[in-house]
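After this come two complexes, each holding chain A, first together with chain B and then together with chain C.
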Partner chain A sequence: MKTLNLGESDPRFISEVEQRSGQKISRCYQCGACTGRCPNTFAYDLPVNRVMRLIQLGRREEVLSCSAIWLCAACQACAVQCPNEIDVTRVMETCRQMSAEAGLVSERAIQVFVKSFLGSVKRNGRAFEPGLMAGYMFRTGRFFTDVDLAPVMLAKRKLAFKPHKAGNGEVADIFRRYEEEGPVSCNLESDHA
Partner chain B sequence: MRIGVFVCHCGSNIAATVDPAAVAMAADSMPEVAYATDLMYACAEPGQKAIVEAIGEYRLTGVVVASCSPRMHEPTFRKTVERAGLNPYLFEMANIREHVSWIGKDKEANTRKATDLVRMAVEKLRRDAPLHSRRFPVTKRVLVIGGGIAGIQAALDCAEGGLDVVLVEKEATIGGKMAKLDKTFPTVDCSSCILGPKMVDVAQHPRITLHALSEVEELSGFVGNFKAKIRKKAPYVDWNLCTGCGACLAKCPSKKATDRFNEETGLTTAITIPFPQAIPKKAHINPEFCRHFMTGKCGVCAKICPAKAIRFEQEDEIVVEEVGAVIAATGYDLADWSGYDYLGGGRFPDVITGLQYERLLSASGPTGGHVVRPSDGREPKTVVFIQCVASRDPSKGRPSCSGFCCMYTAKQAVLTRDHCPDSKVHVFYMDVRAPGKMYDEFIRRAVDEYGVDYIRGRVSQIFRKGERYVVRGADTLAGAQVEVEADLVVLAVGAQAAHGAEKLAERLHISYDDQGFFMEGHPKLRPMETNTAGVFLAGACQGPKDIPSSVAQGSGAAAKALCLFAKGVLENDPQIANVRPGRCVACGKCVKTCPFGALNIVEARGRRTAEVVETVCKGCGICTATCPQGAIQLQHSTDNQILAEVNALCRF
Partner chain C sequence: MPKTYAYYPGCSSMGTSAEYDRSTRAVCRACGIDLEDVHDWTCCGSTPAHVTDFGLSGALAARNLVQAKSAGRSEVLTPCPSCLKNMKAAQHHAHDPVWGPRIERLLGRKVPEDMRCASVLEILFRETGAEGVRALVKKPLTGLKVACYYGCLLTRPTALMEFDEPENPQSMETLLAATGATVLDFPLKVECCGASLAVVRRDMVQQLSGRLLDTACELGADVLSVACPLCQMNLDLRQKQAACRRQTKAAVPIMYVTQLLGLAFGLDEADLGLGGLIVDPRPVLAGIGARSEEAADAPAGGQDDAKAVNSGRAE
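Here is the complex of A and B:
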């Protein structure tokens, strides 16, 4: 493991993560309750508590290029468990966004899947599974991912050939608002308990 | 009046953001100010000397000091002006530190505000009258509430110092939490062996009156002259006759009563003596489980008792004790951890608290000192200890560290290895806090000599797997999720104030914090005192404490009581309410609102009027605000003085 030069800490990174996630990162006292409850930690390159520690240390590169932030399933077990009431899930999501913006994505396929999913939701107001899988396969070149499941799902009438639309573009309006106004900046809680 | 104004720099505490010289210069032109200057440290010896000298040189008749809070140094400066021959109440303080310099950075604005506060103090001082304390005799008796180790120590020290002591204990025996412990850290000596002799001393000391199974219901009066109303709950046994032989316990047919002494790890009989070394060693009946009280039949104990001491018809008794000081030593209770669902919240029989584990370890406990699982009575092969349950957990409203859990967990881990040499012992910890004498060495011994496995991380989940329990958490040093199958899990549940502490605090007129712990007079300099004169604190009722600290504070509180009584007579604070009989219409509103019962309606010169009991009045001012006639004035804070201050502030 390489030596971390503490002089290279990036305070802007800490404040950006805090600002965008609305979470006070300094509250983390490294108890590990998040790691203890995380169902995906077996696949992570860094356990959740180390992601939090590296943010505290202002290590932009290490955090934004790790795979853990992309393998996070956003199940919120960590957020429920945290004794300091840090919504760790929000922090992970913030890191995913910042990782994409900085071009440091380590798990491109996951990022593509996320994009395909959101694209499908934006177009149809809900997920259209065949369409989103087609988009995912086309962009990643993984043409055989989960294809074996298609006949089973078709037999159970779980896959449609035409998208079912939800609403009249209200969901697309949410996307449009997000693109125009950006993420809602969260106010950090004022008490430093 | 010739007023002197002294503006303190407090080193850089004030001078960094206020210009003391400018404040003094502004004060110089205020009405009746004869002298104004700034001082580096007004409270220090040279500062006080300068004030005394200025009083003589400029023939000052009143003094304003602009410095810190009155709570901090008002008594200091009152003594200073008294030394120079002034009445100590011809003194006012302007708080330009906590209220100005510490809270703002704008020097110019701060200086203006400081000047305003000084002007208010000067205007108040111009309307001050010299006040004189009244002297009154004291009752040289002490009431100690709570018979744990802190209360026992306080009672013994007071009694040895020549005071009569009334010791009130809620439970049927004294000894408190320490009596429940098997061994004590860091020496691992037997708890009841070192506590037992002290308990016997309490029972035998001619100056100590013990009321067990009793609670303080009301405290009235004031320092030196309190009256305590004590409810002695009926034990349904004549304790004058009971010899503690235990014949009734052996024959009682109701054997499923809750055993509070054993932390509900076992069951006991409806008539019981908490433990063999109990003081007083007298039986009492728990009517919730007694067949005589439930069905009207039975009465086996009455038949068997060789002393004929059973009294089913006995009722609670109220006794009134007159005392001069009170020492609260009500201790702690474990926090309620039923909300910790991920640890089972009490649903798993083999997930128990540290205090319950003490009873399993203790030779006088329900298992005779054999470590076994409560569920099936088998000896555990793997024991997991979890620290910081309901401690250091802001999400559950319990942010503080309970202080002693690290040490007792290490002790229990060592004892587990002693009792079951084949067992594996794991301790989940966040930080090990062992700052006492020989404490850290003890933790090292647990690891190095007893092979206790310390895992740095919090536990996230406990779930059942067959007859065992899976404990899953993190090892943050290894950077991994970890899990272990355990037979027995012991939780180091944090401490909170004893149940009912808040109610008692209100009865004693003292304040408490958000965890129910009683507030000390000053967090560093007055740890034994409260803000109510004559009421002192000892032990964990003030905050979680281990045995050495509780004993130290118990002795400290006793010293405070002895100091108080060494004077023989006490002086009251003359800053109290005063009735002008000419204006009083005897409407009685003040009598109703006074929280201390310091006001009465009396006949004087043929008419009814309110009267203040000077020794009882605390000077809170509620009656002053209530009186529709303006007939009651709080001396040293009269309506005219407050209005003068407001006018000084709102000049423009």
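Here is the complex of A and C:
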């Protein structure tokens, strides 16, 4: 088990996570119900309850660079279980957003998939499954991802051949405004100043 | 005059879950539920948007609520639980001090708050219900053993989805029991299938989906009924990939609840998109057809015979 130096805590971290997630992290008393109910703990480097504790301790880097926040499938089971009504899933998602903004992503392939997907939506207005998969394979170098599925998907006509354009540029406008505005944490910091 | 619902098909309806879209439309038509497509609908942002930024996710989803509202609709129906959750979350976040103003800035207008959103399962349960289903059944699914699988998002998060019990929902069982099917008590009905991790972390999906398939097999299920395009894809299209993590090896057909209802209503198989399923359900369904014909020929004893045939097969 890793030893932590608690002298290195970042007191702003907990308030940032609380504001962005709208959840009272300080209410967590480590009962472990979230971890007990989580179906993905087997694949995590840190169980969910420990992520919660590290947030309370202001351990920004450990939390934002862990793989658990990226491997969470957002199934909401932990949120239903929490006796303190903390939406733990939302906390995990918030940490994932902050992890990408801070450049601390441990699961690069997932981030590439996310970007390929959003790129497809930005270009077409709708997600185009084959196009975003091609983008993902190109950027990760995982050229054989799910190629075993291609023949059966073709046979069952589950692959569209060209994207369906929709939204008349309104979706691209949403992305443009999002890119111009930058991450929401910038706004939080200026609010505090 | 019956209410017209704004219908949001979602991107997967254009590819991997075309049969869910078709069967939803066919079953709603049969139930007298009037659907009108959201004009020029766009992607809700799906998981990639809400793991990136709640503002971006909210704006992408809410654009469709704006479209539905401008067409004069008051309730959106969507087959996809993930799209549904994003639309509901957009409305919920519209009140959030951090995300509300950001969603409106990115969207360039206000989020319609008075728009209701529901899954196709919820609307069928609410509008048609067990009574309505019973009245429409032409080919009872007598003897077909069905395990109902809801996945994560139809009932959770509780405060957002406001539908059924979060950990032990019963709506799908209620509707399918009304078709004459034998509904099994499936303990993993709200366990995660691995969701969108399939592309990147196939191992996790194999583990999670493999357990669902094994449990369904152990219970003697003929078919797993689902109501989510991503669950269906992980369990059906990726069923072969999951084989390496399974204890049992039997193939399990994964059918949308709308396909099962449509079959019971006697709708055309082509309208239900049965040909789009990877694990062919026809072998198990052929038995049902024969059984229901027997039942029709001999109303008194036929049903019992059918049950005997079925239980013999399961053993």
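Going forward, the second predicted complex is superposed on the first by the 161 of 193 C-alpha atoms of A that agree within 3 Å, B and C clash if a C-alpha of one lies under 4 Å from a C-alpha of the other, contacts with A are read in each partner's own complex, and residues count from 1 in each chain.
Please note the rule applied: a residue touches a chain if its C-beta (ideal position, glycine included) is under 8 Å from a C-beta of that chain, and two chains touch if they have at least 3 such contacts.
Only a predicted model underlies this, so the values are computations on that prediction, with no experimental measurement involved.
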Quiz item: Taking the superposition as given, does A:41 touch the first partner, chain B, the second, chain C, both, or neither?
Solution: first
Quiz item: Which partner does A:82 reach: the first (chain B), the second (chain C), both, or neither?
Solution: first
Quiz item: Just chain B (first), just chain C (second), both, or neither: which does A:150 touch?
Solution: neither
Self-check item: Contacts of A:117 with chain B and chain C, given as first, second, both or neither
Solution: second
Quiz item: In the superposed arrangement, does A:49 touch chain B (first), chain C (second), both or neither?
Solution: first
Self-check item: Dominant toucher of chain A (residue count), chain B or chain C
Solution: C
Quiz item: Touching A:32 in the superposition: chain B (first), chain C (second), both, neither?
Solution: first
Quiz item: First (chain B), second (chain C), both or neither: which does A:159 touch?
Solution: second
Quiz item: If you stack the two complexes on chain A, which partner ends up touching A:57: first (chain B), second (chain C), both, or neither?
Solution: neither
Exercise. Check chain A for residues that touch chain B in one structure and chain C in the other, and list them.
Key: 42
Quiz item: Which part of chain A faces chain B closely enough to touch in the complex?
Solution: 27, 29-38, 41-42, 46-47, 49-50, 81-85, 193
Practice problem: State the interface residues of chain C toward chain A in the complex, per the touch definition above. | Solution: 11-12, 14-16, 18, 40-43, 45-56, 59-60, 63, 96, 98-99, 102, 105-108, 152-153, 156-158, 166-167, 190-192, 194-197, 199-204, 207-208, 237-238, 240-241, 275-278
Self-check item: Residues of chain B touching chain A in the complex
Solution: 342, 388, 392-396, 399, 430, 456-461, 472-476, 479-482
Self-check item: Interface residues, chain A side, partner chain C - complex
Solution: 19-20, 22, 39-40, 42-43, 71, 73-77, 79-80, 87, 89, 93, 96-97, 100, 107, 109-110, 113-115, 117-118, 121, 125-130, 133, 136, 145-146, 148-149, 152-153, 156-160, 164, 166-168, 170-171, 173-175, 177-178, 181, 183-184, 187-188
